[in-house]
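Across the two complexes that follow, chain A remains constant while its partner is chain B and subsequently chain C.
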Partner chain A sequence: MSDTKDVILDYIKEEYLDDEDMELDFSSPLITGGIVDSFSMVSLKRFLETKYKIQIPDAKATPEAFDSVDNIIVLLKEFNVE
Partner chain B sequence: MNNMGPYDEIRKKFNWKISEDELDYKEGDDINIGWYCSDRICNQGKADKDALIWQGFSGEVKKYTFNDSRIITNTIASFLQKTGVESGDRVCLFMDKIPELYFGFLGILKMGGIAQPLFSAFGGESLITRLEDAETKAIITQKKHLGKVRKIRDELPGLEYIIVVDHDGNKPLKEREIAFSMENSEKVEEYRVFRSKAETPSVLHYTSGTTGQPKGAQHVHYSLISQYISSKYVLDLKEDDIYWCTADPGWVTGTSYGIIGPWSNGITQCVLDSGFKAENWYRFIEKQKITVWYSAPTAIRALMKEGKSEVEKFDLSSLRHLCSVGEPLNAEAVLWSTETYGLTFHDTFWQTETGSMVITNYPGMEIKPGSMGKPFPGIEATVLDLKNHEPIEKRGVVGLIALKPGWPSMFRAYWNNEKTYNSKFINGWYVCGDRASIDEDGYYWFVGRDDDVINTGGHLVGPFEIESALLEHESVAESAVVGKPDPVNMEVVKAFISLKPGVEASDMLELEIMNFIRKKLSPLAMPQDVEFVDSLPKTRSGKIMRRMLRAKEWGEDIGDTSTLEDD
Partner chain C sequence: MAYGTKEREFLKNELNGIKNDGIFKEERIICAPQNSEIDVVFPTGTDEKKVINMCANNYLGLSSHPDVIEAARKGLDHRGYGMSSVRFICGTQDIHKELENKLTKFLGTEDTILFPSCMDANAGVFEAFMNEKDVMIADRLVHASIVDGMRLAKAMTDTYKHSNMDHLEKKLILHKDKRLKLIITDGAFSMDGDLAKLDKIVELAEKYNALVFVDDSHSSGFIGKTGRGTHEHFDVVGKIDIITTTLGKALGGASGGCVSGRKEIVEMCRQKARPYLFSNSIAPVIVAASNKVIDIVTETTERRDKLEENTKFWRKGLTEAGFIIKDGETPIVPVMLFNAKLSQDFAKDLYSEGIYAIGFFFPVVAKGQARIRTQLSAAHDMVHLEKALAAFIKIGEKYEILHKTKEEIIEKYGS
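Let's look at the complex of A and B:
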């Protein structure tokens, strides 16, 4: 699972962070912290679906579920992504 | 008792002089929005009253009184002037919803500059387009967004000053970059405010159209007359209110009613600089004891999704008046708010170009759920026939929403684009670009846009801008962009794309294209759906028929296809 966490964290840093000095870890608030907005969340969801070959229903793609890498990992477990 | 009183009575007797008198303004006087929103309130004996209660995403709270605001805006104005910014120069604000954004806006106006707020999620291409068009001289930004500015600065030789409000000194700034700390700069107690007149340019807000690049709607200081009185009447702001406008000042709502309206009325306003999360929003209302809340249908529908149970966890009893803006507020959302909060969201209609509310629902007036309401007192509105552009007398017939020019906050120009500005006026009416009908009781009912502009989450996105950007992707041969229905955002962007020969469609390519647009333009412009097609429907003259694609998405009649190109 730590590989998955790292993959997602690296992807977020690469795709969503403009400030290279900003520190981001697994618990950093992504949605409430303004790093990933509600529109961009769609592309993050699409990344997870494409990468892990799953379908995340819209009802489960909530700001809460996407608010940190830790939360995303909890969500992915529901889809048996380890 | 609400501020406005019975709608029909005030509509009969209203004229803009009522607002001028309340603001002690007479024709020919100086009128500077920056001064009206800070110094004047202090002069009224409210120097120690809270002007801004700001909360960051981590819960940190900062409070500023009107006297703090007066001094801080003096300090910013003085700093800009000493730096080399002159009256009439365009100064861009490119920040999250931090206090520097709000006070920076007033500081620019106080020194006679033209404030050009831009949404901080804009990508490089969106920034270049708007800064180049406005020939912007300075940009005020924060470390978080400095990387984006650095990437484009070489293409903007006229951008002389890049002002960073939170430079921590860890890394040296580069050429043209200047550090400015609002908190630590030497305070300027007394400042000679620029003596702007009614028609002095104040704000430049960019807005998208169907064709061409975004246009800068230019406003003047006299807009205050509309913004002050509409805040008083429609938002019903009163002395003890704690007001929360959820809009970002990168868009017109965030300046007209997130800065000018409340502060010219001397009202305390709150700002939550955090991404959307229902629980956080409700907690904020409870903690700050918000009384008047101005939000957007997208947010309201997102709150609906979270359900009533989330509401019941919080004490929202401080709320007394709710308003909404951005796109039409559906009847279901109006009814839900009444049932859930015990208060009804009042829908308001206006645009970047109108500068203030023009058709709206009022406190005390019967609300017909789903209706836009009635014209603001002092605004002459109608719907024009779609063909001959004459006012439609018959009730219930769909036409183009049109306003008689002359209200104080009407935009005065599209920056560098007189031709497009002139095209917005037909038969002596300003045509908004939206369709509606008027019922027997005089209520307006929104039908839809009259053009291809996409209204997503209350923000207008131009298909041309996205299609142009898509062509810069190495795999894209052609594209057409339309709005598709979305339960929360009303519309989201959908792109139909034909790929270059030899390129295979795939999920990874779709994601790559989405991210390409998100970073180049903005998250709002990012297609949330990409459909790869072999070819796009075109007229015989080669013009892509967006209308057909859009109709398909909305399940509407495709209409006349006689000009369609043969396969």
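Let's look at the complex of A and C:
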């Protein structure tokens, strides 16, 4: 699971951060912290679906579920991604 | 009564929160026609003060041009004051169609539809022809009205890093399965004054079978050698599928906007765009004046040429004086101060010196990117710009920021 966490964190850094000095960890608030806006969340959802070969229903792709890497890991467990 | 003490207190607290965050907006009262020099009352209750205006979108100086005012008068005499109707019921006059045709020709597109504002054009256009099967991929710095328009549409949304073509390409690959893929960008970005890389965007659009949308509100009338806009500047006239723009900036400065582009998309707007369907026609007086404005900018490039010269003088003057400005070639010239309080203090001091410019800081711009945004106009004469430059230098010296690096300014004032 720590591999999965790292993969997701790396993707978020690459995709959303312009400032390389900005620190981000597994519990950093992504949506409420203004790092990922609601428009850009689709990239993260599509990345997860492609990477782990799953389909996340829109009803489960909520701002809360995507608000940190830790939260995303909880969501992925529902799809048996470890 | 539903609006009681509890509700009033709640909203007072909300307003106090805005004040405490330092983002409470106050209007400066102008007691003169819009121009390079205006009489301003600020703060409320103080005497009128004559200042040089460095913050209007009056790029071509047409807002108070005598020929435009005369055309407005004639429009009032011949076509009346108001239409009391939306366009498709009984709100379309011959002069509305004349203006749409002139804009089509001026922008080099297939067709045009007027909206009450460009904000309305952006609010209506996406929803009018895109749905769940489609994707909108926007530059992360597009104007707020585009963001609102995208929210109203049912199509999937995504973004790419500002002007980052590699990132845009990744997004086009990611969404290759979608029916319509629309790349969305401003032509000139209003806060940084830089231009979208339209030539590269068009290349990517052709490679990945995507459409291109450009909001050219801060370009129409003066970017490009004959002022047609960013598509002329990048030699991609005819390759932009949708252009939205405003009549409220360079093109007269009153109000009104349009969607111009592929005729089927324009027709979809006529059938389905809600701000077009459910909002009044642009008033005849504005339409008549706008027709004159398009005639003026079509007949001569004199005003955009003067604006270009003013812009060169201003950018060179600020740079040589030791200010950090955002690179570019547009008449939007941000003077970087990085610190929010410094930007406010600097603007206040400028006003004392008779120069009217506004400081912008987070959340309008990114944290640590506070600045004074200056905007040039063809209405500025050299005497205005020399006076404004002298004031900038005087205040720059006061705060000891001239010939300093970004890091040195941040070290002194914080970010």
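By our rule, the second predicted complex is superposed on the first by the 82 of 82 C-alpha atoms of A that agree within 3 Å, B and C clash if a C-alpha of one lies under 4 Å from a C-alpha of the other, contacts with A are read in each partner's own complex, and residues count from 1 in each chain.
By definition in this document, contacts are C-beta pairs under 8 Å (C-beta built on N, C-alpha and C of every residue); 3 or more make two chains touch, one makes a residue touch a chain.
What you are looking at is a predicted structure, and each value in this text was computed from that prediction instead of being measured.
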Partner chain(s) touched by A:Glu82 [first = chain B, second = chain C, both, neither]: neither
Which superposed partner A:Phe39 touches (first chain B, second chain C, both, neither): both
Partner chain in contact with A:Asp67 - chain B first, chain C second, else both or neither: first
Touched partner set for A:Asp3, first chain B, second chain C, both or neither: neither
Most chain A residues touched (candidates chain B, chain C): B
Touched partner set for A:Pro29, first chain B, second chain C, both or neither: first
Partner chain in contact with A:Asp18 - chain B first, chain C second, else both or neither: both
Residues of chain A contacting chain B in one complex and chain C in the other: 18, 37-40, 42-43, 46
Touching residues (chain side chain A, partner chain C) in the complex: 18, 37-40, 42-43, 46
In the complex with chain A, residue positions of chain B that touch it: 57-58, 96, 121, 143-148, 170-171, 273-280, 302, 456-457, 507-508, 510-511, 514-515, 518-519, 523-524, 526, 528
Interfacial residue positions of chain C with respect to chain A in the complex: 138, 140, 147, 150, 156-159, 161-162, 171, 174-175
Contact set on chain A toward chain B in their complex: 15, 18-22, 29, 31-34, 36-40, 42-43, 46-47, 49-50, 63-64, 67
